[in-house]
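Note that subunit A is present in both complexes that follow, paired respectively with subunit B and with subunit C.
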Partner chain A sequence: MKRKPILLLWLLLIVVVLSGCWNSKELSHLAIVSAIGVDKLPDTAHYRISFQVVNPSEISSDVQGGGGKTTAITVFADNGKTLFEVIRKASRKAPRELLFSHVKVLVIGEPLAREGITELFDTFERLNQTRLTTKVLVARNATAETVLGVVTPMEEIPADAMAGKLQFSASLWSENVEYTIDDIIRALVSMGKEPVISGVVIQGEPERGATQANVRRTTPDATIMMRGLAMFKEGKMQRWLDGVEARGTVRLLDKVKSSAVELECAEEKNVLSIELTRSKTSKKVSIHNGRPKLEVSIIQEGNLVEMKCAIDLTRMHELMKLEKKWSQQTVKDVTAAIQAARKQQVDIFGFGESLNRSNNKEWKRVVKDWDALFAQSEIQVKADSFIRNTGNRIKSYMQQQP
Partner chain B sequence: MRFTTEESSLQGELPAIMEQLKLKLGNSPDLIMRHIRIASSPVVIAAVIYFEGLIDRQLVNDLVLCSSLSASSGDASPQDASAQERAYGLLFNHVSARGEASVVRTLDGVLEAVLSGCTVLIVDGIGEAISCSTKGGESRGIEEPTTQVVIRGPKDSFNESLSTNIALIRRRIKNPDLWLEKLKLGDKTRTDVAIMYMKHTVDDGLVEEVKRRLQRANLSVVLETGAIEEMIQDQTATFFPTIYNTERPDVIAANLLEGCVAILVDGTPFGLLAPTVFAQFFQSPDDYYYRFDVGIFLRILRYTCYLISLLLPSVYIAAITFHQDMVPTTLLISIASAREGIPFPAFIEAMLMELSFEVLREAGVRMPRAMGQAVSIVGALVLGQAAVQAGIVSTAMVIVVSITGIASFSTPAYNVAIAARLIRLFIMVLAATLGFYGILLGCIVLLAHMCSLQSFGVPYMAPFAPFRLIDQKDTILRMPRWPFIKRDRKIYEEQAAEPWLQQQKRSGSSDPAKGE
Partner chain C sequence: MNTPKISAGQLFALIILFVFGTAIAVNYGLDAKKDAWIAILLGTFSGCLLFMLFSYLYRQYPDLTLTCYTQRIMGKYVGWLLGMIFVLYFIYDAARDVRDAGELLNTSVYDATPIFVLNAVMLLAIAYVLDKGLYVLARLSEIFIVIIAASGIVGSILVFASRIIDLNNLLPVLEYGWKPILTTTYPSTFIFPFGEMLCFSMLFPLLKNPELQLKTGLLAIVLSGLALSYTIAIDIAVLGADISSRSIFALLTMVSKVNIADFLQRLDPIALFTMLIVDFFKIAMLYYAAVIGTADLFQVKPSRKLVVPVGCVILITSMSITGSFNEHLLEGKLSISNFQLMVVVGIPLLLAAVHLIRKYIGKGQSVDP
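Now for the complex of A and B:
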């Protein structure tokens, strides 16, 4: 009986110690990193890594904090051969320990992207704080460091602003894709798919964007904007896809949620606008005589929301004409995207993967020179469009005039 | 009786006995002794002894009047008896016809009777005395309960008079099965204690056990049920109450009908109920008076609030000192900004606020009524406003502590809420040293401890552990009544063998919603 309490005490001690849980960190000793930027120093093997750190007292809605003394964020940057080295080096500049659990965005500088990003993500998978759900962007015509430094209106933390812009432009405009570190790593290791990463540009004067004055104006001097898709081949960036090509790419990736589509009116130069509400892309790949045949079929639905010309929408065949026109335009977009990718011999759409899924044996045979085969592939794009709704009116007020 | 070691009899002259009594009671001026003549030829003197304030004056006066008239009213005792014996016999007949009366043969017996509010009549030269129950005196009226308030339901509560309290229960259960046993506890206080139970519902062993424990308790002072509760509970090394207490007669009645034993003590409005289970402390009489869906909602709310009052500060500490990654970014930043410039670690801050809240709460209870307002204003200002502005605590912590405080008030039973308050502090220490892991360890230990508790042999966590599905209908949930009715009828059907009932059983529906 006497041994029982001692045994219990031992058990308690073991339970407490064995877990290895001893990592108490006071919030006031932590700096919350909201975004990480990675650049390459020219002509060296060194990275320049910048951390966008939140200044909590500036964000506060508290009376006592006041705010307005400093910016909502501060960017600390340092050079080093590995990401982790820089994280630790940054302690020389940052007064607190960096906390990486809340990193929203990872921005990669364009020069680094062109040199290759394959080895960049390893530490993100290893460290326990970093998250693979962090969104990835490529800074276009700018270093990641300058992008991180731009102060943004509405969202006090620029990383939140970037994440918000990426999210809403991807779901409302559909020229971007919201890809996370996890998605990029998957695309990098896949043989049948290459990654695309959304681009971010600074519109205006980057120098003035880094001061608080930027958000004191109704039209900021510098604005961060999502633009284009960076196309990668074997981890190296090849070119930017913009406009029609970007749109077609997002279609082929089947990431379109909603968008605005412009169609020309039948005879006149005027246009009408369609709100894309649903789009479904299916891809089929087969090999005929050693040459891949890519079949893409798209089903799309939308509402007519704006019309600057006189079409009699009460007549069924007019609507069907519009639907046909819309289908043709979509086919054009998608074909343009495939052409652009074929030119670079990069399968960014995952045709290889769908072949792998549907015909594994065939895929194993062609996997080695898939890029070259992809470039010579036969393309067949088909689109079915449906205009479901014409809004609260049928005839435009312009048609009613005598 | 332990007033004296030797029993002294009532033999002897009346004045000598009176003198002895006075001596024993230290000449207390509230001991009233009146002399009356109960027979005139020859003269027989009787003494009427009582404590002023313990008796009903009207009853005593009646008694005195009828005593003095008794001699002339007839002849009940044998002719060969002495005048004194004859007078005594007549007196006894008269008195026992008027009310409860008994014979006392010792001086100590007289003392005990007088002290418990009886009036004692001693006839000169008889060697025994008549004790008449004339209990009365001032007592508080039946008022609304102050600790267990309900919106809907009976508004009466116990008061300090045992007979009133018993009557309140009897009035609710008009059933011969409602049995009552009375005993006196406390060597010094000789307090009346009543044990009530439903004879054929309760387990006989339980009644025996309650009585055995009460006897064994060997108390010298019983001023409140708390003293009894402490001495008869199963385990003492716990924060949790294992005996239920209430000032509501409807709660006692309901539990008696479920087979519990009630213990009522003279001089306190709080009665005890044994055995009890943890779930009972979350039942409010309202639950049964509202619709069942409302009852279920309120029950779930109470359990949630109990968890909040137990864990919220710990979860807050653990989340912001160990698991910053689990807090949503926006929330983390606003907590961080609120904590900018706070000189203390989160744990110290939490302890500071918790303790000042406890101080406020205690002061609020102890303060004279008139000053309660002042305390709450100062408390609200000091805790809510000034402390935050001075940068001693953060706004987030104020919110956490206030939610915890309010949640702890939503438990219907005060004593189980106090248990949560105490345990909370321990879990906070665990959270500050080990994070969520510590909270989890604390909860496991707590749960194991709760499962080890018993109340008069009933597992404290029943019907959760051991799990009994059939009993779940009145724990976290309060299921509608018709399943209860069904169960009762089943017992009835088994007992009754009348053919008409059998017939009805075959054709009748079991669902009262369909109408019967």
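Now for the complex of A and C:
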């Protein structure tokens, strides 16, 4: 008898609670942002921030939805002093509320990178929609806004295309690294390590890349490409590392998964190619008479996959000669990278962190002038290479020819 | 509310869920930076000692709750006053944990929902369970301990499988020596969550096998302490000491990094779910202790009549306790090193001392109250 009104009250409350509508956001009112670009307006304190927003009707698999009428994405951009200000300002241009849970890539314009990126990431940590797993890139010779606007083949959403290019070039070619926001923050905070960020360039004509026509051609007018590593010091970009230096850097960061290595054949000008399959870098730092000694040792394995000369691979010592040559070349790559970093007095490899781990007391003594000490350090690089197999053939058909 | 008895297994489950409580979400151990896991292990060890003190008091009065034997030991008036302090402490602590849960939901997903509503919904669920009796809560704990253990194991596998762990982040151990670890352990990781287990003293008289109380309790504390320490170590290994110590909910940030084959990702809701379940049990235990304590002090029978009024007090306290989350966390640290320390360590020590003095000096004389 007495329980009935109470029961009724419970039921009423359950109705209120179960519907869960308080925080509801309708999907049809949301615009999914796939990439964010940040540029600096010259001579002001203002940022120009661009959002790559997915056009839902274009990427839906629904055949009746039409498709092909507009581009798969639209770029909205606005100016402001903070990222959040621009997010809200963008509501004047975007017809829906921007949703940041699916941001794949953050692109930083090169001029801004050179001015400093230290203050950039704070809001990404604070807001609950943004994620630390967003990948970071620096736009090379272009504004981040133009990079975001290039329409890409195969992946309808350019941000996915960028993320894919970064991921696969980092794991198959190993001249850049797939760093996310939290990696950058860790490096910015650390006393014994400075960040590097992969670069992205537009190859071709950026103007034409922004139209749907770009993907109607078999050879797009503009292509987005990963290229080089931006080296930072105290949050400010110093220079680009390319080719050998970039390779060496990735080695020292121990992020090499696989790569293609070219070695010269013995006497001739020809080359042979090795598929790098495993690489492990260990770093050791010690201090002798106040001068750091950096010891790097690399163990690498690979397969010989292409040869333009007739080396007799049935003879073990030929293979060992190749292994030795390969080791020498790796040592050269790594040394070039260290030299480049020493010249700028930036420890991008985390030698300082290594020292902290192995000899905490010594590190505390040198931490204040580590950059200068790093620049005059003694280097010792060692590589051990193993060619595990030579593919489906041992002898080359060229060997049979006179 | 007190006819059926609590089994040793249920006590075990309740203690583990209680210790995980808010500790797994908001972790103060991170004041010790990358050595937080050591601070928690130290806290666990000290927590065991404190639990032995609680058990000692309980064994002197196996049929009485904390508030009852306080009155026995200290006399009617002083004892009643101390009992009141305990009850107020339980209410305050429950309110803090309710607020933690509300803030957790508010900052992570329900950004447009008022915290009052989130807190009220949480308390409504707990009040319902307590209205059904402690036995229902105990059986519930048996179910949820399995769920929590399973999500812990699955979560660990996912974290390991997505290769985001970098053990270098935990090195060098003792970078700043023992001092920061000790100042974090005493009082932070010691009182929070192990000191708060004082509320279990309100439940011990309901045990089915009183002789297993100490063994079960210590086992549960050690296991949950190890699990907490492990969780924090993983947080640091994934995020680094800097990001995890600056995150308000390090576990949530850590789990958001899980990504297996671009398919298994965005697991934060699962972590959130886990954090809410354990917090539910922690609030429920403190809430229960507050209800029983109030019933004892004011001679209200049956005690379930007090579930709704005490719940209302907790709800209002959880809202008025602080104006912002920053203040909430700051106040947590401050109260732990001051009055929480007094209540959960100081008063029980005093009780034990007075008890011993009465036992040995007052030998021969009648010590009946």
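Simple rule for what comes next: the second predicted complex is superposed on the first by the 380 of 402 C-alpha atoms of A that agree within 3 Å, B and C clash if a C-alpha of one lies under 4 Å from a C-alpha of the other, contacts with A are read in each partner's own complex, and residues count from 1 in each chain.
Everything below uses one rule, namely that a residue touches a chain if its C-beta (ideal position, glycine included) is under 8 Å from a C-beta of that chain, and two chains touch if they have at least 3 such contacts.
For clarity, every value in this text was computed on a predicted model and none was experimentally measured.
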| item | value |
| --- | --- |
| Superposition on subunit A - do subunit B and subunit C clash or fit | fit |
| Contacts of A:V189 with subunit B and subunit C, given as first, second, both or neither | second |
| Touching partner for A:N360 - first (subunit B), second (subunit C), both, neither | second |
| Greater residue coverage of subunit A in the superposed arrangement, subunit B or subunit C | B |
| Touching partner for A:P56 - first (subunit B), second (subunit C), both, neither | first |
| First (subunit B), second (subunit C), both or neither touched by A:L99 | first |
| Where the C-alpha centre of subunit A sits as vertex, the angle toward subunit B and subunit C in the overlay (nearest 10 degrees) | 50 |
| Which of subunit B and subunit C A:N23 touches, first, second, both or neither | both |
| Partner chain(s) touched by A:T314 [first = subunit B, second = subunit C, both, neither] | neither |
| First (subunit B), second (subunit C), both or neither touched by A:N389 | neither |
| Shortest CA-CA distance in Å separating subunit B from subunit C in the superposed model | 5 |
| Touching both subunit C and subunit B, counted on subunit A across the two superposed complexes | 22-23, 101, 131 |
| Subunit A residues touching subunit B - in the complex, by the definition given at the top | 15-16, 19, 21-28, 30, 32, 34, 54, 56-65, 99, 101-102, 104, 129, 131, 157, 160 |
| Complex interface listing, subunit B residues touching subunit A | 320-322, 324-325, 329, 332-342, 345-346, 388-389, 391, 395, 432-435, 437-438, 441 |
| Interfacial residue positions of subunit A with respect to subunit C in the complex | 10, 13, 17, 22-23, 101, 125, 128, 131-133, 182, 185-186, 189-190, 353, 356-358, 360 |
| Footprint of subunit A on subunit C - complex, ascending | 107-113, 117, 121, 124, 128, 168, 171-172, 174-175, 239-240, 242-243, 246-247, 253, 256-257, 259, 265-266 |
